[in-house]
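Both of the next two complexes hold chain A, though its partner changes from chain B to chain C.
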Partner chain A sequence: MDFMVFQYPMITVQACLDGILLGVLFALIAYGMALQWGVMNIINIAQGDLVILGGYIAYFMYLYGIHPAWGVIVSPFIMYFVGVGIYKLVINKVVDRDLFISILATFGISILFMQLMNFAFGADVVLANSGYGTTFLFDSNVVLPNSKIFSAVVSIAFAICLVIYMKKSKLGRAIRATAQNARAAKILGVDTEKVYAATFGINAALCGVAGALISITFTIHPYMGLPYTIRSFMIVIVAGLGNLPGVAMSGMGLGVFEEFADYILGTEFRIGSVFLLLVLILVYRRFKLSRKREYLK
Partner chain B sequence: MKKNLILYASILVFGLAAPFIFPAFKVQLSILCVLIILAVTWNIQGGEMGYNSFGNILFYGLGMYLCASVQVGMFFPLAEWTESGGEKTFVHTPAQFFQGMAAGLVVAAVVPTIVAGLIGYSILGLRGHYFAICTLGLGVAAGEISGGIEIIGAGQGFTTPPFPNVGGLEARGEFFYFCSFFALVLAFITIRAIYSTRFKLILNAIRDNEDKAEAMGIETMKYKIIGWMVSAFFCGLAGGIMGGLVGYIDSTDVAFDGREMGVFMVLMAILGGKGTLWGPIIGATVFHIFKEGFWTFFLGWQYVALGVLIVVIVIYFPEGIMGWLREKYPERFGEVVDEADRKAQVELK
Partner chain C sequence: MKINRIILSFISAIAILFSTSVVSFAKVVGDKIVLGAAISLTGKYSSNGVHTQNGYNLAVERINSMGGVKVGGKTYKFDIIYYDDESNPKRAAQLAERLISQDGVEFMLGPYSSGLTKAIAPVTEKYGVPMVEANGASRSLFTKGYKYLFAVLAPANLYLDVAIDLAVEKNNGKPVRIAQAFEQDAFSQDVRLGILDAAKRTGSEIIIDDKLPKELNDMAATLVKVKQMKPDVLVVSGHTKGALTAIRQIAEMKVDVPMLAMTHCDAAKLSKQHGKNSQYALCASQWHKSLTYKDKFFGTGMKYAADFEKKFKYDPPYQSAESSAALLVFKDAFERANSFDKKKVRDALAATNMQTFYGNIKFAEGGQNVDKPMVLFQVMCDDSGKCENKVVAPTKWASAKLIHPIPSWSNR
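Entry: the complex of A and B
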C-alpha cells in the first residue's frame, strides 16, 4: 500500500494522463470487440492474442530496421487476412450456434495462438523502441513519453476513419444492416457470409493497429493476451453495444482506474484488480437489472 | 439394477486393486481420479444446469491452498515455513502429517462450499455468456491476487509438507491414490444420489427454460446455489489432495490454473457428453490417456495440441461420446424408437 498519490498531487495528474492515453488504446480494441459482438453475436476470447500478434508484426519490422511506427500501417493489412482466415476455418462454423460454443472455440484459438507465438517469438518480454523521446509538463513533474501521445492520436484517427467508413461505404451499410437483422439483410441481397468474414477481418485489423501501438508504447509477451480480452469485454458491457462515445469514455475510465490501482495497490495486483473489477461490474449490473425483473441476456 | 450392482462392484474392486496391479502408474491414477471428480462436478453446472462455468477452478485452488496452509499452520508458523521455501527447517512427524492432512482436507472442502454459498447469489444471477466470462474473471483474479500474498508464498510458491518416512517407498503414492479414490467414490455416490431425486429435474428445468421454471413456482436461485455448493465441496477436496500430491503450489501454474485444469474440466465433460452421469467419467479417462500420451511424446507442443483439440471437439463433436452412443443405440438408453419414424427422419436428412 502506498498513499503517495494523496500527498503529491502531481502523481495524480500523471496517473490520470497516463490512464487516459492508455484508455484510448483499450477503447480501440473494445471497438473491434463491440463490432463483431454486435454483428455476429460472438465473444472472441482470442481478441487479446490478435492484439499481441499485431504487436509482434511491428516488433519484427523494428528488428529488421524499419521504424516500428510503420507497423501501424502494415500490421492491420496482415491481421485482416489472419482474421478472415480464422473466420473461414473456425468461426463460420460457430456463428449461429450456442454462445458458449463460440466462447470455448475462441478460447481454444487463444491457447493455440499463445503457444504458437511462444514458439515463434520466444517467451521474452519485448518492446519496439520508437525513439520519440519524452515530453515534460508542469516543471518536469509530469513525464509523458511521446510514443504514448503518438499512440493515442493514431488510435483516435483510426477510430474516426472506421466510423466514417461504416457510415458511408457500401460494406459498412451492409455490416450495419446485418447487425440489425441478419435474415432481412439476406433477403435483400446482402451476402451475410462475406459480411461476417469482413467484420471479423476488420476486428482483427483494429487489433493489429492496437497491437503495433502497444509494442511501441508498452511491452508485449505471448501470454499477455487474456487481460486485453477481459478489458475490452468490460468496456463493451459498461458502454453497451453500439454506443461509441460510451466505449471511448469507459475505455479511458478503465485506463485511469488501472493506473491508480497500480499506484495504490502495487503493480503485482494490477491484472488481478482488472479481473476483480470485471466481476464487480457484472454483479452490480445483475443487481441493478434484477430490480426490474430483467436479466443480462 | 442387478447388472448395475455387478458393474459398480467390479469397478470398486478394480479401483482398490489398481495401485497394486499397475504400481508404476499410481500417480497417474490419482490424477485421473481428481480429473474425474472435477469433470463430474463441472457437469452439475455445465451439463445439468446450463450454467457454463469457467470458475470452478476457484474452489479447486482455494482448497489446495487451504489444505496446505492448515497442514503447516497447525504445527508451525506459516510465514516462516513459506519463507524458508525448499529448505525444511521444520519437519512433520508422521502423526502430525496425517492429522494435519485430515484437518486440512476438511477445511479444504468446507470453506469453498461456504464461499460458493456466499458468492452464489450474486454470481448465479448472471446468465449465459455473462456468467461464463464472470467466472473466468473470478478464476484469473484469484490466481493473480493469491500470487501477491506473502504469507502463502506469493510468486515463489508454497511447498507442501513432504510425506513422512513411513511404510516404505510405495507408501506415498498409495496414500494419495486412496485419498483421491475415496474422494471420487464419495463424489460419485453423492452425485448419483442427488441425480435420482427431484433435484436433477429442477436443474434440467433451469437449463431448459429458467423463466418458465420460476413461473412454475420453483425457487431456482436456491437450487442453483445448492448445486454450486456441491461442486465447490468436491472441487475443494480434489484441490487439497492434488496439492499434497504435487508437493508444490504455485498461484497461477498449479492452483488457479485456468489455462490447464480450468479448461480441462470443461473439455472432459464435453468430450464425454454433457448432462449424463457417465459421460464426464468416460471423457476424463479418454482425455487423460490422450493427454499423457501427448505430453510425453510431443513435449512443448502440448498446448498447441490442446488448442486444436478444444476447437475440434467443440465444433465437430459437441454432443460428446455419450451423445454419439445415444444417437447410435437409442434403445440402450431406454428410449423407445419407432422404426418407421426413424426411417422417415433419415430420409428427410
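Entry: the complex of A and C
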C-alpha cells in the first residue's frame, strides 16, 4: 500500500486526468458492446480482439509512412466489413440461441483472432508513434501526453456522431426498434437480419477506432485483447444497456479507479483490481435484485 | 470366421510390435547426431523462438560444412528435430518427453525463455539427457542441483547490476538512489534480485520498487513517482513490452532521470520503433557484435553478424548468437568425450572451457556460464536520427564513452 497519490495534490490531479482520458476510450469500446448486446443479446468475448485488430490496421499504416491518426478513419471502415463478415459466418447462427452458446461462439472467435493475428503480424509488441508531444499543466506539475488527449477527443466525437446517427437515420431507428422488440420490428417490415449485421459491423467499427487510438497511446500485441473485453463488459453491466451517458460516466469512473488502484496497490494489481471490482458489482447487483424480488412477492 | 479373427489379431499384434520397435532406436543414426529441441514457433514467444531456431540452424550448417563432429575417428553431422511448443510450458514438457522417449533423442537443445526451460529441465534430468540451453537465464534454474543442464548465458541476476556499479562510479563512489519497476515473472524478478544485491553492496537506496503486470501497457503511475522523487537511476525490466512502454511514456511525460537501464532493448528494436526518443537508454545484453571474442567456425562477432544477416536478412539479436554458441559447446563436448554415452558427454560438458565468438564458456556447478560478463550498451543517435547501440561497459570492450547524466528533455 502506498498512499503517495493523496500526499501530493498534483499527483491526485494527474491520476484523475489520466483516468478520465483513459476512461473515455474504454467507454467507446463499451458503447459498442452495449449496442450489440442490447440489440442482439450477445456478449461478445472477442470485443478486445477486434480492438487489437483495429490497432494493427493503424500500425500498418504507420509502417507504410502514413500518419497513424488516419487509422481513426481507415480502421473503422475496414473493421465494419470484418464485423459484418463475422456476423455472416458465425453470429447469425447463434443470434437467437441462448446466451451460453453465443458466449462460447465469441470465445472461439476470440481465440481464433488471437492466433491469426499472431500468425500474421508476429508476437512482437508494437506501437505507432504519433509525435504529438506533451501538454504541461499547473506549472508543469501535471503532464498529459497529447496522444491521450487526442484519443479522448476522437472517442467523444465518434460517440456523439453515433448517437446522432442512431436518432436521425433510418438504420438507426431500425436498430433501436429491433432492440426494443425484434418480432414487432420484423412484422412492421424491418429486415432484422440486415439490422443485426449492421449492428455487429458498427460495433466492430467502434472497436477499430479504439484500437487505432490504443496503438497511438499504448502498445498492441496479439494477446492483449482480453483486458479490454473485461473492462467493457464491466462498464456495460454497471451502466446498463442503451444508456450512453451511463456508459460514459462508468467508463471514466473505471479509468479513474484503475489509476488510483495503480498508485495505491501497485501497477501489478491494476487489472486485478478491475476483476475484483467486477465481482463486487455483480454480487451487489444480485443482492439488490434479490431484494427487489422479495418486494415483488 | 474364427480363423479369420485369429489371423487378424496376429497381424495386428505384429503391426503393434513393429510400430513400437521402429521408433525406439538410439539417436545417432549413420553419420548423424540427432539433437532435439522444443521451440516456440507460435504463441507469444514466437519471434524470439524464431531467433533461437535461426541461431541453431546457422551453427548446424556451419559445423557440418566445416567437417562436422569427430568422434572415435569417424565424422558425424548434426541434425535437429524441432517441435513447436506453442509458447506453453506444459506443451514444452510433453514435447521433451516425446523427443526423449518416442524419438529416442539423447541430447537436447534448450527452448526459448526461462519459463519453458524450467518446464523442460525436470524431464531431461529424469532421463539423464544432457541439455545445453541458450535462452533460460533465470537464477532458479541453477539452484536446483540439476546435473544435466548447461546454460551458455549469464544468469539473470547479473543483467543490470553493472548499471548500478556504473551509476555509483559516476556519482564519485557515493551511493545512489534507485527507482525500479519489474514485471512479475521469473526472469524479471531475478534481474530485480541482482539489483537488490548491487544496492546492498554499494549502500544504495531503493526509493521506488514497483511491480508490473503481465498485460503491461501503461506505467504512467511509476513514472509520475519518478518525476516526483527524482532518483539517480531508473531500472525497468518487463521484456519487450516493458522496454517499449517505458521509452514511449518517458518521452511523452518528459521524465528526466540521469540514468535509464533496461533489458530487452534489442529484442524490442527500440531504436527502430522509437528513434531518437530511445537515445541514451542503457541496455543489458548477453552479447554484442562488436565484442572481440573469436572462434574458428564463425570468426568474430562482426563476421557472425554479417553471415547471419546474409542468410536471414536481419541483424542477429543476442538470442540468436547464444543459440549458435550452444551448438559449438555440444560439438566441443562430443569430441572431448569421444563417445556418445550420455554420462560421458555430460562430464565433458561440465569440463567445458572454451572461447566462442559469443564469449568464453565455462560452467559452474549449477550449470550457468560464469566466464562471460554481461555488457551494457547505450543507444546513441546522430543528428540525422540514425541510432546505434554502442557498448559502454565493461570498459574493456567499450566502443564509446558513456553519456552521463542523460541530458534533460528541455535541452534535447
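Basically, the second predicted complex is superposed on the first by the 293 of 297 C-alpha atoms of A that agree within 3 Å, B and C clash if a C-alpha of one lies under 4 Å from a C-alpha of the other, contacts with A are read in each partner's own complex, and residues count from 1 in each chain.
Here is the rule we use: a contact is a pair of C-beta atoms (placed from the backbone, for glycine too) under 8 Å apart; a residue touches a chain by one contact, two chains touch by 3 or more.
Source: prediction; values computed, not measured.
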| item | value |
| --- | --- |
| First, second, both or neither for A:I43, with chain B first and chain C second | first |
| Partner chain in contact with A:I271 - chain B first, chain C second, else both or neither | both |
| Which superposed partner A:Q115 touches (first chain B, second chain C, both, neither) | both |
| Chain B versus chain C as contact partner of A:F287, first or second or both or neither | first |
| Chain B versus chain C as contact partner of A:K93, first or second or both or neither | first |
| Chain B versus chain C as contact partner of A:Y263, first or second or both or neither | second |
| Residues on chain A lying within both footprints (that of chain B and that of chain C) | 115, 119, 226, 266, 268-269, 271-272 |
| Partner chain B, residues of chain A touching it in the complex | 43, 90, 93-94, 97, 99-101, 103-105, 107-116, 119, 226, 230, 233, 237, 266, 268-269, 271-272, 275-276, 278-279, 282-283, 286-287, 290, 295-297 |
| Of all residues in chain C, those that touch chain A in their complex | 42-47, 87, 181, 184, 210-213, 215-222, 224-225, 227-228, 239-241, 244-245, 248-249, 252-254, 268-269, 273-275, 277 |
| Interfacial residue positions of chain A with respect to chain C in the complex | 4, 8, 11, 14-15, 18, 22, 115, 118-119, 122-127, 129, 134, 136, 143, 145, 147, 218-219, 221-224, 226-227, 259, 262-263, 266-272 |
| Residues of chain B defined as touching chain A within the complex | 52, 122-123, 125-130, 132-134, 136-138, 140-141, 143-145, 147-148, 154-155, 259, 263, 266, 270, 300-301, 303-304, 306-311, 314-315, 318 |
